[in-house]
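I've put the structures underneath this note.
First subunit A sits with subunit B, and in the next complex the same chain sits with subunit C.
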Partner chain A sequence: MSSAGIDKVRDWILGRHPDRTELAADVDLIESRLVDSLAFVELVYTIEDAAGVEIDFDTIDIEDFQTLATIEKAFFA
Partner chain B sequence: MSRPTADRPITLERIESYLPERCVRIEEMGERLGLRRAELGVFRKFYGLDTLRFDPELPLLDLLRPAARAALAALPEGGRVDYLAYAHTTQAVAPADVDIAQLVGEDLGLGDTEAFGLSHQACVSSLGAIEVLGELLRAEGGEGAYALMVTGEQAYSPIVQHVPNTAIMADASASCLITLDGDGDVVRSFAARTLGEYAQWLELTAEQNTEFGEQYGTRIAEVIHQALTEAGVTLDEIDLVIPHNVNKLAWRQTIKVLQVAPEKVFLDNVPRFSHTFASDVFVNYTTLRDAGRLVDGAHYLLVSVGLGATFGAMVITHRAGGEA
Partner chain C sequence: MTRPRIGVDLVPLSRVRTLLEPGVEPRLRRFLSADELAVSRTPDGAPDLAGIAGRLAAKEAVFKLLGAVGRPVPWQGIEVLRGPGGRPGVRLSGAAAELARGAGLGPIDVSISHDGGFAVAVAATTSPLPKGTP
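After this line comes the complex of A and B, so read on.
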């Protein structure tokens, strides 16, 4: 069962892609361009808002943003 | 679009680059560029940037001179420089009444050399200038004729320095002494394609930016394959891709489209120097050469992309004989 935080992130991504109704946890968000370069900063703010903390960029990597599963593990576990 | 191997091949007799000493972390650029914490974090972690060279106190000629002089030093006795091309990305690098190409020529003691600027391929202009200079040498150059490509500019304003969601520009310069049928690296092909629908640079709509991003990897791959075909070599036969330093994410996408091994694309300088306008491929070339990583007889692929939007790829064959 997913956390409320990751649900917010999923809803934000789906809200940007009205053609989609589902988003599996293992879909590569960057390679699939579900989140592209114009939206990376928004993704950061969405995660921070859902997690209630500022992301420490010294301790994370791009792989932490790769899929909903990696986002959940890095920021909501 | 080109015939660099027609008749007599262009040869790159000496490539040199220069980086100002002043080194800053991208976070130090935040206030100047109006970048928030999250935006800087994205540049660091998504795009792979870290430090860059930036010295707003350095006059432009002082930036250009070291690389140009070093390249010119390879001019053999009896040789003469018939043409000097100053290739730049930003159309206005100086007030309208200041001719940087002419000033560079005079500064190098080449006051009688025909000097001109090129900028219409943006960051691909330096590769494009090599082709233009080669064609001029073919058309008009006699025995002992050489040409000098000079590139380099400064991120003199925040508008020039920050390409939103893409790059933070940095200072560097590079220069290349070329001739025909010389002993240097052989230019085997040059392919370039300009997509004029993106000519508005920083004024593109969000939809156009998204479309450009979606097509980026495919477009660059098309030009690369064209250059490879014209050179008569395969991607497997390329020893290393010597790329632009725009950001690592753009290359991640391109590497996937090309289906090339990631280690075949030299990205070590992206976090060190960031994107240095039209100098990237030559800065990266000199880094590799000075580290002894360029192999005599091996093929290399120089790749650059310019806002506006131009994609360019050049295949060269390295010849170590002329190295000092």
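After this line comes the complex of A and C, so read on.
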């Protein structure tokens, strides 16, 4: 069962891509072009809002943002 | 010996409009430094949509020169400011400057254009030829 936080992140991504209705936890968000470099900053904000944390851009590990599963593990576990 | 290296990027002005929506505008501060924000307004004080889109495109074009695959764009470390004669100039700092030094890049030049709701930017530099290149 997913947390409410990761559901917010999923909803934000799906809201940007009205052609999609589902987003599996293991889909690579960057490789599949669901999140580009401009949207990446907005994704970080969305995670910050949903998780109630501040993310330091200078120490970001891109692998934490690769899929919904890695985001959930890094910020909502 | 060196060889040329180029990077290109395209940003729709509609993406900038989204970043300027009420409640979202502070996000622009993640993309642009204080010096860049200061030169990203029209003479009447409104946000310069085309200028901001061009600046974002130029930052991404420069990032592509750095060869930093798998890293987020260091938006604040790649500043695109007004250079001599009004041409855009690039100022690198922090991780972006380290990446450029590590790659042995020469001076970086950028060119920006806008039309039809898009801004495009090309960045160019030189990089050392790999060892063993005839």
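Keep this in mind: the second predicted complex is superposed on the first by the 72 of 77 C-alpha atoms of A that agree within 3 Å, B and C clash if a C-alpha of one lies under 4 Å from a C-alpha of the other, contacts with A are read in each partner's own complex, and residues count from 1 in each chain.
Operating definition for what follows: a contact is a pair of C-beta atoms (placed from the backbone, for glycine too) under 8 Å apart; a residue touches a chain by one contact, two chains touch by 3 or more.
These numbers come from a predicted model, not from an experiment.
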Subunit C versus subunit B, contacts on subunit A by residue: B
Which superposed partner A:Arg33 touches (first subunit B, second subunit C, both, neither): first
Touching partner for A:Ile55 - first (subunit B), second (subunit C), both, neither: first
First (subunit B), second (subunit C), both or neither touched by A:Trp12: neither
Touched partner set for A:Phe75, first subunit B, second subunit C, both or neither: neither
Doubly contacted subunit A residues - partners subunit C and subunit B: 37-38, 40-41, 45, 57, 60, 62
Subunit A - residues contacting subunit B, complex: 30-31, 33, 36-38, 40-41, 44-45, 48, 54-55, 57, 60-62, 65
Partner subunit A, residues of subunit B touching it in the complex: 36-42, 44-46, 165-166, 206, 209-210, 213-214, 249, 253, 256
Subunit C - residues contacting subunit A, complex: 11, 15, 27, 30-31, 56, 60, 63, 70-76, 94-95
Contact set on subunit A toward subunit C in their complex: 37-38, 40-42, 45, 57-58, 60, 62
